[in-house]
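Quick heads-up: structures coming right below.
One chain, chain A, links the two complexes that follow: it is found with chain B in the first and with chain C in the second.
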Partner chain A sequence: MIARAASRLTAEERLAYLLLGPALLLMAALIFYPVGATIVTAFGATDKLGRISGFVGWGNFRALGADPAFWQIFRRTFLWTALGVTVKTTAGLGLALLLNLPFRGRKVARMLTVIPWAIPYPISAIVWQWTYNSQFGLLNQFLTTTGLWPHPPAWLAEPRSAFAATMAVDIWIGLPFFALVFLAGLQAISPEYYEAAAIDGAGAGARFAAVTLPFLRPVIVMGSLLSVIWTFNDFSVPYIVTKGGPMNTTDILVTHMYKTAFQFLDFGPASAIAVITFVTLLAFSVVYARLYFREVV
Partner chain B sequence: MPDHPAAAAARLPALRGRRGRSRRWRAAILEGGGWTLSGLALFVLLFPILVMLSTSLKTLNDVYRVPPSWVPAPLTLQNFADIWTRYPLGTYMRNSLIIGVGATLLNLAAAIPAGYAVARLRFRGRETFMLLLLLIQMFSPIVVLIPLFKIMAALHWLDTYWALIVTNTVFTLAFSIWMLASYFRAIPGEIEEAALVDGCTRPQTILRIAIPVAAPGVVTTIIYVFITAWNEFVFALTFISRTEMRTLTVGLYTFIGRWAVQWHYLMAAALVGIVPVVILFMFVERHLVRGLALGSVK
Partner chain C sequence: MKETRSGAAELTHDFVELSEAGAAVRLPAASALGLRRGHETEEGGEGMRRKVALAAIAALCTGLLALPARGGGAASVRAVWMEYDARYNTFWQQLKKEFEAANPGITVDNVVVPWNEGHDRLVTWIAGNQAPDIAIVGTRWIIEFNKMGVVQPADTLLPKAFIDKFIQPALEARINGRLYGVPVALSARSLYYRTDLVKTPPQTWQELLAAAREASKSPGVYGIGVSGKKFAELTEYVYYLYGNGGDFFVTNPDGSYGRCRVNDAAGVDALRFMVDLVNKDKVTEPNVGENDRGTLQDLFLAGKLAMIETGPWFGGMIQERAKTMPFAVAPMPHNQGKPQQTLLVTDSIIVFKSAKNTDAVVKFLEYAYRDGPRLEFDKDFGMLPTEKSVARDAYFQTAFYKPFIQQLPTAKPWPLTADWSKVEDVMWDAVTAALLNTKSAKAALDGACREIDAARGIK
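For the complex of A and B:
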């Protein structure tokens, strides 16, 4: 059977499968199998070592659904993602337009813009944690001495300000990607379109709406899709800056999943959270990717 | 209502002459505005970097002074010498380097043939494979952390380089294949056909022609995988428990937990840890942006 199937392959196909072999094997072992295992574990009862001792059907999911703390984290993750991506997209576009202005030093400015993206997330999170320090941190020192904010909060000590502060770190890390990808998109627009629009009497706002935005559409769609995934899954920032605190008020789904699995050793419920995360993003990506392919292909 | 931009562009040359003076004014305004606004933006973006720099040059007493000051008094470079002996920073960096290089090599070994196959060969399931790559690109590794942990435990790979080499390899693979395929596709087919006609085998054409011509893509891939592995946190946090096996990111993270934090050392170590990746990053950033945009930037 196999020999006959193989003989029906062309020489080119056999070579192709041979070349794809190592990559497929690695992905099968460390992506496809684990995805399957996560799904199976999500329906199982597990011991403290993560071994499945029996199946509970939708039990893990139902337990999560009945837990108000989980819903709070679920809603917070959406707020975290929606706010984060919106701010990154708009501010990134602003920064890109700025870096697209013809001034001397823009090359240097562009290069420095890369830095927050280039630094390892965990290191950024550590540096920000120190920057936010309410007693010795230079952020509050700066805000008070310049008079910008005479009485700033003790950022990481209170739920509201801790959430805002953690958000800000995620935005700070993600901003350069948007700025640079938008800048690449802007530079691909031929200047003639702007000149033509200007001759037709279009002001700066009209030129932006009639030329810039339509040309940037595919970039905005793709960039925000990736950003939704990255933001939704940002583990190191909440985990390091606040450890999800104070009192779990900065936990999002992925940090909650990590704690459930590796601190409380509840591997079944943790796998259920992983499945929820995965399905949510998959559904989102599929809808979004359709949109994207209609744009680009 | 403006007519089609291209039609208006055709009328352009006649109008250019009398706009000279207002153009010079415009340029000056743009220059000044660009400077001021980008200066402000950069100040915000680099604020924590300045904090890191300032703290790394302070003494312990100076770090815990109220109110804090930007200018270190006294200014010291001692921290940059101390971190190597007070902390196993050298070990952490060596571990990250080994894992980064290992992941890069393994990744190339799998991604170059796969990228070549996708770009150059016709086979059933090609479209499905490309779609799979796209899906994996949108997939977060943290979702499969639990089964991966169990796999590593079963293989007795916890606390070894292998655990992190293979995971970093696999989760950069989709992007590498995608990226390399786009470079391989850009090589004119005739070059390879000529080599095949001259009696080269496929593997020889890949090694002698495709890889050298696609060198910029290979370099970008190398740097991308290395940086991703160097920056990785959650796998290293989960798979490694022995101090001497820690990577740089997890090593620095564990500095926080113990005692009163020695922020001057931590910031100095952080600075040392980011310099190599930031420099590498600046080299490939344009290629990365284009690759990550998955075709949305032409």
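For the complex of A and C:
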């Protein structure tokens, strides 16, 4: 059968399959297998090495559901994502509009914008961790010597300020991506539309609402969808800046999952958290994509 | 995009490690395979494309086949070393060089990992069947690794004469009468104080408070450092707990650990004393929540702390980074009426069961545990001697080492329990909550004990 099916393929098709083969094998080994194994582990009781010793049905999920700390982290992850994506999208759009204006040094400004995003995330996170230090850090030194804020908080020492400070790092790193994508989107809009709108008497606000936003919509939608996934799963920023502290108040699902697995060696519950994260993001992406494509079509 | 970037970073990191291990796998260069622009047009057509494809696949297969060769060869020892400080890599690389020259046919692959990541990295390697042959671990981790069934007893592997070299307090890694790790670093914790700010070293908490109050009067100086940020170990609460006659667990008649007991009077008073230092007496740095042991040490080195509680390595750091700072060391203060007791910490080298060349491992350990390299290790990284012969060296007979060595007979180690990572994490949260005044010391420790007992399956 296979031989017959294979013989029906043209030489080019056979080569195509041959070339796809290694990639498929690698994907199976590096993506499908780990995902499958994680889902199976989520329903298992495991030893300290993550080996499954039996199945507990929904036991791991029920245990998570009964843990108030988990719900706190679950809610915080949504807050973290919503805040992060909203600020990154709106500020990114603002920045793109600015960078789209003709001014001297625009090229340099555009290049500088990319820097936070071009630096490897862990390095940015470590630099910010020091910047926030209340004794040696640049930020408080700046705030106090300029008199802008005579008694600034020790940013990473208290739950609320630590959350805000960590969020700010995530935004700082993620903002350039939006600025660049939106800038590309803006440049794709033909000037003729603006000219036509101006002839019709549209002011700057009206031109933005009637021309810029509608044309940018697909970019905004796709950009924010990607950002939701990245922000929801952002490990390096909270883990490096605060390690989830103080008192786990800056933990989000992904850092909690890491600690559960590799610090406490509870691989069953950690896999359950992974599955919850996966399902949440999958559901969000499907709903989001459906809404988007329905409107576009 | 983010995932790709961080993935790439990890790959690069792994590659660097492999390269360091001297067993890097390299794919043939594209040019060697004829993958040059223009080739296609010269010969043209599908035939060439297919050749190129086959060459690419062949290259991939070569790469994949070469992978198992990692760490192979006649005899190799793959060693993971937790990093004590920046000179660490040099120490092990030098030892590797000398050992390999003296033992042709045996190679040593050194991988250096920061302490704060060490536990989790080792677990990941063990879980992925990639455990090294030997590793330095915090002795408190051994019971957990032993429960996984991955550690070889050291006393069956190494000759008795080797084990007999060690001083008794260093042989901490005994589980049910078997020794599972050979001590590599030993420390007891003491009080460092600025002799220009603290005239008489405090012996009790009460004297400590008075000294801290006095020192705080100097501008820009805080009396004593307290850290409230999670670190690889539960400093400084453990110092106050042990100094108040407290402990983490009730000890059962058979020697095993029972219920959590940090919420008893000794435990609660210890935390209350710390909370008062921070919030009532205000003799600590103001930002306790953002400091861990490392940044507290930085504060002391920057001249902002009059006193700090830490280990013998800090003496070397002061000499290196704050040469002119006048300081001295004293035994850890204790609560008045309670016996003086400090924390004793050992790190050990464990041999994993998966180690193939145990003969090579033994040879390497015997080489590394000669008096010369051991003294050099202790000097370089500020550790107390673990071997009787090294302890006799003139280097350790100084005023600096005296308080450390003097405390050894009564010093107490961390409890050896398989759930220690969880216990420590819960304890950190309780201590931080009390220090930040979000909970009373009693409420925080009551909650911690409930959580710890539940995690350890004690009802």
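In this section, the second predicted complex is superposed on the first by the 281 of 297 C-alpha atoms of A that agree within 3 Å, B and C clash if a C-alpha of one lies under 4 Å from a C-alpha of the other, contacts with A are read in each partner's own complex, and residues count from 1 in each chain.
Rule of thumb we're sticking to: a contact is a pair of C-beta atoms (placed from the backbone, for glycine too) under 8 Å apart; a residue touches a chain by one contact, two chains touch by 3 or more.
Everything numeric here is computed off the predicted structure, so don't read it as measured data.
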{"item": "First, second, both or neither for A:Arg106, with chain B first and chain C second", "value": "first"}
{"item": "Dominant toucher of chain A (residue count), chain B or chain C", "value": "B"}
{"item": "Touching partner for A:Ala157 - first (chain B), second (chain C), both, neither", "value": "second"}
{"item": "First, second, both or neither for A:Gly201, with chain B first and chain C second", "value": "first"}
{"item": "Partner chain in contact with A:Phe74 - chain B first, chain C second, else both or neither", "value": "neither"}
{"item": "Contacts of A:Leu95 with chain B and chain C, given as first, second, both or neither", "value": "first"}
{"item": "Touching partner for A:Met257 - first (chain B), second (chain C), both, neither", "value": "first"}
{"item": "First, second, both or neither for A:Phe43, with chain B first and chain C second", "value": "neither"}
{"item": "Partner chain(s) touched by A:Met247 [first = chain B, second = chain C, both, neither]", "value": "second"}
{"item": "First (chain B), second (chain C), both or neither touched by A:Ala210", "value": "first"}
{"item": "Residues of chain A contacting chain B in one complex and chain C in the other", "value": "12, 15, 18-19, 22, 50, 120-122, 135-136, 177, 226, 233, 235-236, 262, 267"}
{"item": "Chain C to chain A touching residues, read off their complex", "value": "1-3, 5-6, 9, 46, 49-50, 53, 57, 60, 119-120, 123-124, 126-127, 144, 147-148, 150, 228-230, 285-290, 295, 298-299, 302, 304, 418, 421-422, 425, 428-429, 432-433, 436, 438"}
{"item": "Contacting residues of chain A [partner chain B, same complex]", "value": "12-13, 15-24, 26-27, 29-31, 33-35, 37-38, 41, 50, 95, 98-99, 101-106, 109, 111-124, 126-131, 135-139, 141-142, 145, 172, 175-177, 180-181, 184-185, 188, 192-193, 195-197, 199-202, 206, 210-211, 218-219, 221-223, 225-226, 229, 232-233, 235-236, 240, 254, 257-258, 261-262, 267, 270-271, 274, 277-278, 281-282, 285, 289, 292, 295-296"}
{"item": "For the chain A and chain C complex, residues of the former touching the latter", "value": "11-12, 15, 18-19, 22, 47-50, 120-122, 132-136, 154-159, 177, 226, 230, 233-236, 243, 245-248, 259, 262-265, 267"}
{"item": "Chain B residues touching chain A - in the complex, by the definition given at the top", "value": "2-3, 5-9, 11-12, 15, 27, 30-35, 37-38, 41-42, 45-52, 54-55, 63-70, 109-111, 113-114, 116-118, 121-124, 126, 129, 134-136, 138-140, 142-151, 166-167, 169-171, 173-174, 177, 202, 227, 230-231, 233-234, 238, 248-250, 252-253, 256, 261, 263, 266-267, 270, 273-274, 277-278, 281-282, 285-286, 289-290, 292-298"}
